[in-house]
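Next up, some structures in structure tokens.
What follows is chain A paired twice: with chain B in the first complex and chain C in the second.
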Partner chain A sequence: MNPTQILTGERALKAYVLLILLFLALPILIVVPLAFSNDVSLTFPPHGFSLRWFGNILARREFGSAFLNSAMIACISTAIAMVIGILSAIAFVRFQFPGRETLLLLFMTPLIFPAIVFGAAVALMLSPLGLLRSVWGLTLAHTVLIFPYILRTSLATLFEIDKSLHEAAYTLGANRWQTFRYVILPLLRPGLLAGATFSLIISFDEFTVSMFLVGPGLMTLPLEMYNYSEFSLDPTIAAISTVLLVITSIAILIIEKLVGLGKQFS
Partner chain B sequence: MSAAADAAGVRLTGVKKWYGQVPAVRDVSLGIEPGEMVCLLGPSGCGKTTTLRMVAGLENPDAGEIRIGSTLVNGLAPWKRNLGMVFQNYALFPHMTVFENVAFGLNMRRLPAAEVRRQVDAAMAQVRLAAFGERRPSELSGGQRQRIALARAIVTKPSVLLLDEPLAALDKKLREQMQVEIKQLQRQVGVTTIFVTHDQEEALTLSDRIVVMDEGRIVQIGTPSEVYERPRSRFVSDFIGFTNSVSGRVNSIDGAFTRVTIASGQVVTVPSGAGIAAGDAVDLVIRPEKIVVDPTGLVDRSVIPGTLAHMVYTGAVTYYHVDIGGGAILIAMAPNPDLHDLPALGSPVALGFKPDNMLIFPRRAES
Partner chain C sequence: MAVAIADMTDKIEQRPRARVDLARLTALVALLAPAVALLGIGLVWPFLKMLAISFQDRFPDPTALTFANYATALTDPYFLRITLRTFSLALVVTLITAVLSYPVAWFLARSNSRWKHLVFLAVISPLMVSIIVRTIGWTIILGNEGMINALLVGLGIVTEPLRLMQSFWSVVVGMVHILIPFMVLSIATVLGKIDPGYAEAAAVLGASPVRNFLKITLPLSVQGIASGSVIVFCLTVGAYVTPVMLGRGQVAVLAVTIHEQMVVLVDWPTGAAVATVLTGGTLIVLLLYGLFLRRHSRR
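Entry: the complex of A and B
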């Protein structure tokens, strides 16, 4: 290749990357200005400027309670999945036992299982237990959904911790618990925080499975937004989306600061 | 620091360890005196690390007893053994500063903060890294990490210090410097020390006694000079230092002396070796520095004539490769004290040695 060819090649690549980025960012670029629109319906480009749609979020009680539900479910299911996830990860890394590979695969299935099938199955299972349309049923389902994410980040971080670090701690007089508390946990912390943040986002954002489990009196925010948009297509939805976008961005920035995002995808 | 007061002896009796079907340590019995520095030396895979890890409590022996001081420690958790251990990769805690690393053992023992600070500062001064407390291990060089690992291991005043190939990751120059430092530190602290290495030079330099291991067994225990000068087997003589060997057949045995006919047809008289009978095929083994080139004027030397086949000049010493006939080459090492004329290749040379320095071993099966 001669230099001009390389140059045109580079230009083409740049244009291509720019196009992809634009395509990915387009929904965001559209939704944010819409949130500040003065129109009564979702039209683009927006006309005028107003904050009344943000006001509408607060005025409509159902959004507030759905937000609280979603936040609570996300926090509790993440907390449960963290405890189980860390303990399972330790078992997978430390011990060889029959069925280890199979179990690991099983734990990872929610990642690839079609959500719609999972949702229906969970609904069938929770119904006889009386956990349908219950916060606890939802929390349980979300715990199962996000467990693989926690397990995966815990495993990845644990594998990186050299076995000789445990042993060094032991020889220095630290028992198993002290070794976990002062050596392993601090080294796991960044990975766990990243896993936890992703889990919170995934749970908060979950739609398909939750759809089978919610009902009158129990709504999550994504479903409440969906219901609302069925009747009125005004910029309130855009306003909520903008709020969620800001929250998520802050969360991602925190992970990036703590561990580096790239590491979680490698 | 007050020495040897809490140093404890270590005694292994009939210790065995398998990994599944693999016997890692077959039958090790060994007594180490309080304050002694003992080195486990042997080729890779001979069970040195496993032996050390059993003393540390990181592995449990399948048979036998391990005592530290008078306490039977079989089954005792490592954190209850009051040990210091330096790992091959140092195993410094990456999320802690150097100070926190060294303080870890003291904090686990719940010492008051002021006391921890005092002792950590003292230990860091001892390894000459007093100013490095606030750094992270990742900000240290290899030699500095090594010294911090050492400070962390000794600050708790362990009754036994265990080191697993602690210098293997360092370059030659730094390794030699650290050997001296470790030895001085060990003397100062007076701690009983078990040291693992596959580097014979390191073993000779550092140890009070060397334990030579092969295939999970101890093949010889002795001071560096005993092991070097009086290896009890061909394996030991080959593993430690450079040796010559000449094959021959036992002609006759006359009490303390054995007459051996070597390949060139010459008869050499050497001290008798155990388990060797007349007519046996044997190897005669001698160190290059025990052979004198041109022994005229020296008494008590046996002499073997030959021709100079090759010379390797290394500055301080020259190695003379001498063809003594029958396909055998003996290498003599001689210092280069003055500028002098080296003999020409192909010229006849006489080699002299004291019969005492020639060791006799049964002929080794060709490998």
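Entry: the complex of A and C
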């Protein structure tokens, strides 16, 4: 292969990558111009300019309460998953025990367990307990779903912390708790914050599992958006999507600043 | 005597160690207990409950245990067709996603372009955008009043808008779009670990670039393709939003059927049996992957 051929090959690869990036970005970004459309339906190209769809979000109370529900469930389940995830990550990093690999694999199962089956199963379990349309049922399901993500980021961060730091802290007279509080936790913080942000997003956007657990009086935002789009496809949905895109972009920036987005996925 | 003393010192030495071991064991159990409890209550119990209900003749208040629900789920032509469609959808989506993702993963693993980090960000950011937002984006592109039809009609290529939604292929497009990031990440991770020296050696020994790729790089990266495929397959099989919103009732898959059986028809035992069949299918794919990994690592 001569240099010109290599150059052509590289250009072709770059052009292809650009094409795939466009494919990935198009359906996401196309929502934004339609949010400012003056049409009454999601028609492309949009005609006129209007902010009334953003006003409609505020006018319809159900979106507000669904947003609050989603935010609350995301916060509680992330907090619980963080505590449980960090504890088990410490166990995996600091201890060698029989069945360690298998247990880790089992802890990761929520990642690939078919969401539709998980949702149905949780509903079947909660229904006789009278917890079907409760915040607690949703929180439990979301905690299970995001637990593997928290575990994975905690593991990755913990593995990077030098073991000699523990020993140094012990030598200098710190007890277990002090070592954790003043040495390990500060080092864990950026990784954990990034993992938490990512978990908040996953919980906030969760649809398939929550579908079985919500009901009249208890809705999450994705479900409310879906229900709305079922009976009217006006730009209100595009407006909410735009708001969510802004929030997501801020979250991505936070993670990127803290540890780099790549860490979340390696 | 000497033996007895040695024995004693052994015992003396052993005793504190045993206590330390006990302390370590307590710590280990305490650290893992919350996670085991969470997954036990939140995942294992619901699944066992579902398994039990799938053998009941009705719910609640069963009168007998029965295999009838499985007979329905596995032999009824209606369910059979939907099962077939679900798994062929997953297969098609997996194949297309793998082919489309490989070059991007290659770029991320091998290129030293200064745009690399930005490309990486652009590939994984969609994962964090609400699935509803992304699917609504596709309805704007594919809908009767959507972008593609506006272009086609505007350019005079067609007079009537084409019906691009409500088809198997619109669901494929939506799923591929959602799953490309997972596949790119899996392949790029493995590609990044391959020593470029192998390919260089082959090139020095006169292998053509095509032969080099087919004989060296591709076989070495198969593991990344395999693990990416398993993730994509499992996520497609369990997907609900995309088939419903882009298929608009025309593309029934198992996820839609399970929801229909349980929520609309309130026939929980049949829904539970269908869900168990879906889980079983996923498990078979995972086992095949495990077998493949074992054989691959032995070579």
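The rule is simple: the second predicted complex is superposed on the first by the 264 of 266 C-alpha atoms of A that agree within 3 Å, B and C clash if a C-alpha of one lies under 4 Å from a C-alpha of the other, contacts with A are read in each partner's own complex, and residues count from 1 in each chain.
The definition used in the following text is that contacts are C-beta pairs under 8 Å (C-beta built on N, C-alpha and C of every residue); 3 or more make two chains touch, one makes a residue touch a chain.
These numbers were taken from a predicted model, which means no experiment stands behind them.
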| item | value |
| --- | --- |
| First (chain B), second (chain C), both or neither touched by A:D162 | first |
| Chain C versus chain B, contacts on chain A by residue | C |
| First (chain B), second (chain C), both or neither touched by A:L42 | second |
| First, second, both or neither for A:Y170, with chain B first and chain C second | first |
| Touched partner set for A:V183, first chain B, second chain C, both or neither | first |
| Chain B versus chain C as contact partner of A:I254, first or second or both or neither | neither |
| Contacts of A:V246 with chain B and chain C, given as first, second, both or neither | neither |
| Where chain A meets both chain C and chain B, residue numbers | none |
| For the chain A and chain C complex, residues of the former touching the latter | 1, 10, 13-14, 16-17, 20-21, 23-31, 34, 41-45, 80, 83-85, 87-88, 90-91, 95, 97, 103, 106-107, 109-110, 112-118, 120-125, 128, 140-141, 143-144, 147, 151, 198, 201, 204-205, 207-208, 211-212, 222, 225-226, 229, 233, 237-238, 241, 244-245, 248, 251-252, 256, 261-262, 264-266 |
| Chain B - residues contacting chain A, complex | 56-58, 77-79, 81-85, 87, 89, 91-95, 104-105, 108-109, 152-153, 156, 162 |
| Of all residues in chain A, those that touch chain B in their complex | 162, 164-165, 167-175, 178, 182-183, 186-187 |
| Contact set on chain C toward chain A in their complex | 24, 27-28, 30-32, 34-35, 38-39, 41-43, 45-47, 49-50, 53, 60, 100-101, 103-104, 106-107, 111, 113, 119-126, 128-134, 136-141, 143, 145-147, 150, 177, 180-181, 185, 189, 209, 230-231, 234-235, 237-241, 245, 254-255, 258-259, 262-263, 268, 271-272, 275-276, 278-279, 282, 286 |
